[in-house]
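The next part holds the structures, each set out as structure tokens.
Two complexes come next, and they have one chain in common, subunit A, joined by subunit B in the first and subunit C in the second.
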Partner chain A sequence: MLQIQSLQAGYGALPVLHGIEMSVGRNEAVAIVGPNGAGKTTLVRTLCGLVKPMAGRVLKDGVALTDLPAHRRAERGIAVVLENRNLFVELTVRDNLRLAESAGRKASGGSLRFSLDEVLTLFPAVKERYHSSVGLLSGGQQQMVAIARALLLQPDLLILDELTTGLAPKIVKEILGVLNNLRTQGMAILLVEQSITIAAEMTDRAYVLSVGKVAQEIRRGEWQAVLADDSLIKAYLHG
Partner chain B sequence: MNKLRRSLLLLLLVLAWALAPLLLSRHLIDLFVFAGLFTIGGLGVGLLLGQCGIVNLAQALFYGIGAYSSAYVTVQLGLPSLTGFLAGMLASALIAIAVGWPVLRLTGFFLALATLALSLIGNVLFFEWDWLTGGTLGIGGIPKLSIFGFAFDTPERVYYLVWPIAILVLLLADNLVRGRPGLAMRAMRDAAPAAEVLGVDMHRLKTAMFVICAMLGSLAGSLFAHYVSYISVQSFTVERSIAFLLIPVVAGSASVWGIIAGALFVTFIPELLSGFGDIHQVLFGLALVLVVTLLPDGLIGGADRLAQLLKRRMA
Partner chain C sequence: MSASLVMQAILSGITNGFVYALIGIGLAVIFKGTQIINAMQGEFAVIGAMVTVFALEPAGLPYGLSILLGVISGAAAGVIIDRLFVQPMMRQRAGEESFLLLTIGLAVTLSAAVLYLAGRNSYLLPSWGEEGVIEILDAFLQIQALWLIGTAIIVVVGLRLFYGRTLLGLSMMAASMDPDGAATNGINVRRMRSLTFLLGGTIGAIAGILVAPLVAVNYHMGIALTLKGFAAAILGGLSNPLGAVLGGVTLGLLESLAVVGFPSGYKDVIALAMMIVIMIVMPNGLLGRVGRIGG
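== the complex of A and B ==
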């Protein structure tokens, strides 16, 4: 579904990512793990079109996205929950979702389609605060709004950047429950996480990013071994 | 009850507006006409500032294009006044697209400076292109506005024309802001990256709003030219652009209807202070500083807070 080939990207003339090679298959959940400064967020921003690549290609279903601006990528079935949620805090939950809903009508995403009611059913806490300003919501509720908003874009690939940072364990559990549910329904997920435990719980395989390069790939079925042997964690993830 | 009270208040306002020309002096009617013109021109700047977070200091350019188009079309070409309005708005829209498309890729201070530069360039061109604008001499003898044979040849008649136009454009703007474009604009202002990944074509939206702003500026300029009958470069300087920007700043930038309050402020306060002689501009500056520091949400935000306070006290 998603292929990243020899991707180089950065800010100004300074490259942050160096020749990244990755792929995410249909109905697959893949994690990108790595320490702070590894280039995870730059990778996400490049995938969604906010950072222009210096070299390499990004393909979705065989079609190059590299020159496509950010606002056109949602139409191709890619939805992103950016780091720090990036919500419109002065708008209500309703308006945040309404904006995504109208953008989602143009999407040529996958077989999964989400109505507003369905999304609100997934997140009862969002439904309760439907008419509140997003700025008045707790961190966990805001994260739920961010995911709900992404789902209304009718994606077949959901990219989530630092989803669980700063959230209470109970909220993390609730959100991961929803994502697991989506996964079983066939949604492809690219999860950018600092917590290797959450990455292992949520995904089939992972790429370990270090100093802008793929340092290692954790293949399907290797998670147990990785968690049992802490050498990789010590080498790349600083414990 | 609330609805009834609001309807009564609205009725009183309409009555006061309708009766004002019968009771006010010629000078005050003039000022109200100018406030109406500034409402139209200031609305464009307000939409850009309040909804998109863009500081536009180029409105005097489009105000001038509207005024000179109307003057040229009616005085030099002898065509009907509505043709001048259309020519001005069309020229403004085309220039806004041509200039806005590259310039609106900038953000923040750089964009504000770029619009300031546009205003300065416009003023220089108005000065230099005397074959079109009359240069320093300006263009005189601009006929009073006439629509389908009805001449708006008295201040009262212009008053009754300008304000319904102002209300109409405010209603249209209010509708725009409440719809999907308004949501997209506020999204772009609050969290631009998120708006982009949600499918908002920010550059196109900004350009569209810049075009609307320019057309409103042009409309106000055309009305101005027909009202005063004589125009010159002095009316389209950077100071005029700053005055247009002050309208939404004073009103509370996100408020569409508050533009009226902002326009009344920038029209009437300098006039009230003019009695103090040379110092009146300093006093106007002081008044602005007071409004901006004491009422960070502008006059409308201040009025809202006062209303809430009174409500709490009365409860």
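== the complex of A and C ==
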């Protein structure tokens, strides 16, 4: 579904990513793990069109996205929850979701379609605060709104950047439960995560990013071995 | 000091206040949609008024068509400025101060262009409807002032409905609040910014066309209008069109009532000193923090 070929990207003249090669298959959950400064967020921002690549290509279903602006990528079925959520905090939950719902009508995403009611059923806490200003919500509730909004874009690929950072364990559990549910329904997920435990729990395989390069690939079925042997964690993830 | 003198000052203050309000509304719209303080908002008014003046005479077009051309010219000026200057600077990630400098430069340039094309003369437009005045408690209000007040109210109500009830209005606000969040949610941020400038230019031109039957328009009027409109918008909470109306009327009343008790030369000093006091007491504007984000 998603192919990243020889991708080089960064800010100004300074490249952060160097020749990234990755792929995410249909119905697959893939993690990108790595320490701070590895280039994970730059990669996410490049995939969703907020950072223009210096070289290389991003393809979705064989079609090059490289020159498409971010709003057109959303129409192509790529939804992203950015690290700082990027919600419209002065608007209500309702208005945030309305905007996504409207954009989702133009999306050429996958077979999974989400109505507003279905999304609100997935996140009862969001339904309770439906008419509240997003800025008045807790971090966990905001994260749920961000995921709900992403689902209303009717994606077939969901990119999640540092989803669990700073959230209470109870909220993390609730959110991961929803994502697991989406995964079993066939949603492709690209999860950027610092916690290797969460990455192992949530995904089929992973790429370890270090200093802007893919340092290692954790293949399907290798998670147990990686968790049992902490050499990878020590080498790339700083414990 | 007679009661009729005070009443006359109040009516004049309200009329002037709605002029400032209409400029302030345009400023608020552009700030709300782009986070840019547009120091050339008054120039949109001059463009709209001047195009209407010249379309009416010497071109000889009907008044309604001339007004339409004036409004279109303001809207077009907004879009052209966005496409030629604002968008390229946005792509270079210019800071807020750069945009302020840009719009100050454009205001001076447009003023010089109007001087070149229209000369130093001042121009009045005919009243929109019936000429004349109405008497209220021994004081007088021009009928054109009612058009001005009515239009400003319609614009504010319309904007409130537009931003609060329509997806396009919400998208324009979203694009301004968080461009990255908007873009990744399928909103074309560049288009929203262009539409914001179109809306700001349209409101500016309407202001100019409404003012021109009351106050003669000339090449250097834009900067003065911008300053008063800016004061009105700040007083009301910069991104809230309703606040701009409250701010404009407050400023207009302060100016007019100052003249009742003091020599007219002091009117700006007294009005602006009072504004400073209000801003110290109410730093988020007359509508408070909530008013800063309202429609």
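Following the convention adopted for this analysis, the second predicted complex is superposed on the first by the 239 of 239 C-alpha atoms of A that agree within 3 Å, B and C clash if a C-alpha of one lies under 4 Å from a C-alpha of the other, contacts with A are read in each partner's own complex, and residues count from 1 in each chain.
Throughout what follows, a residue touches a chain if its C-beta (ideal position, glycine included) is under 8 Å from a C-beta of that chain, and two chains touch if they have at least 3 such contacts.
Keep in mind it's a predicted model, so treat the numbers as computed, not measured.
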Clash or fit (per the criteria above) of subunit B with subunit C on subunit A: clash
Which superposed partner A:Lys234 touches (first subunit B, second subunit C, both, neither): neither
Subunit B versus subunit C as contact partner of A:Lys173, first or second or both or neither: neither
Touching partner for A:Ala70 - first (subunit B), second (subunit C), both, neither: both
Contacts of A:Arg26 with subunit B and subunit C, given as first, second, both or neither: neither
Partner chain in contact with A:Arg113 - subunit B first, subunit C second, else both or neither: neither
Touching partner for A:Arg219 - first (subunit B), second (subunit C), both, neither: neither
Common interface positions of subunit A, toward subunit B and toward subunit C: 48-50, 69-71, 73-75, 79-80, 82, 86-91, 95, 98-100, 102-103, 106, 149, 153
Residue ranges of subunit C touching subunit A (in the complex, touch as defined): 167, 170-171, 173-174, 177-178, 180-189, 293
Partner subunit B, residues of subunit A touching it in the complex: 45, 48-50, 69-75, 79-80, 82, 86-91, 95, 98-100, 102-103, 106, 149, 153
Residues on subunit A engaged by subunit C in the complex (per definition of touch): 48-50, 69-71, 73-75, 79-80, 82, 85-91, 95, 98-100, 102-104, 106-107, 149, 153
Parts of subunit B lying in touch with subunit A, wherever the complex brings them together: 180, 183-184, 186-187, 190-191, 193-202
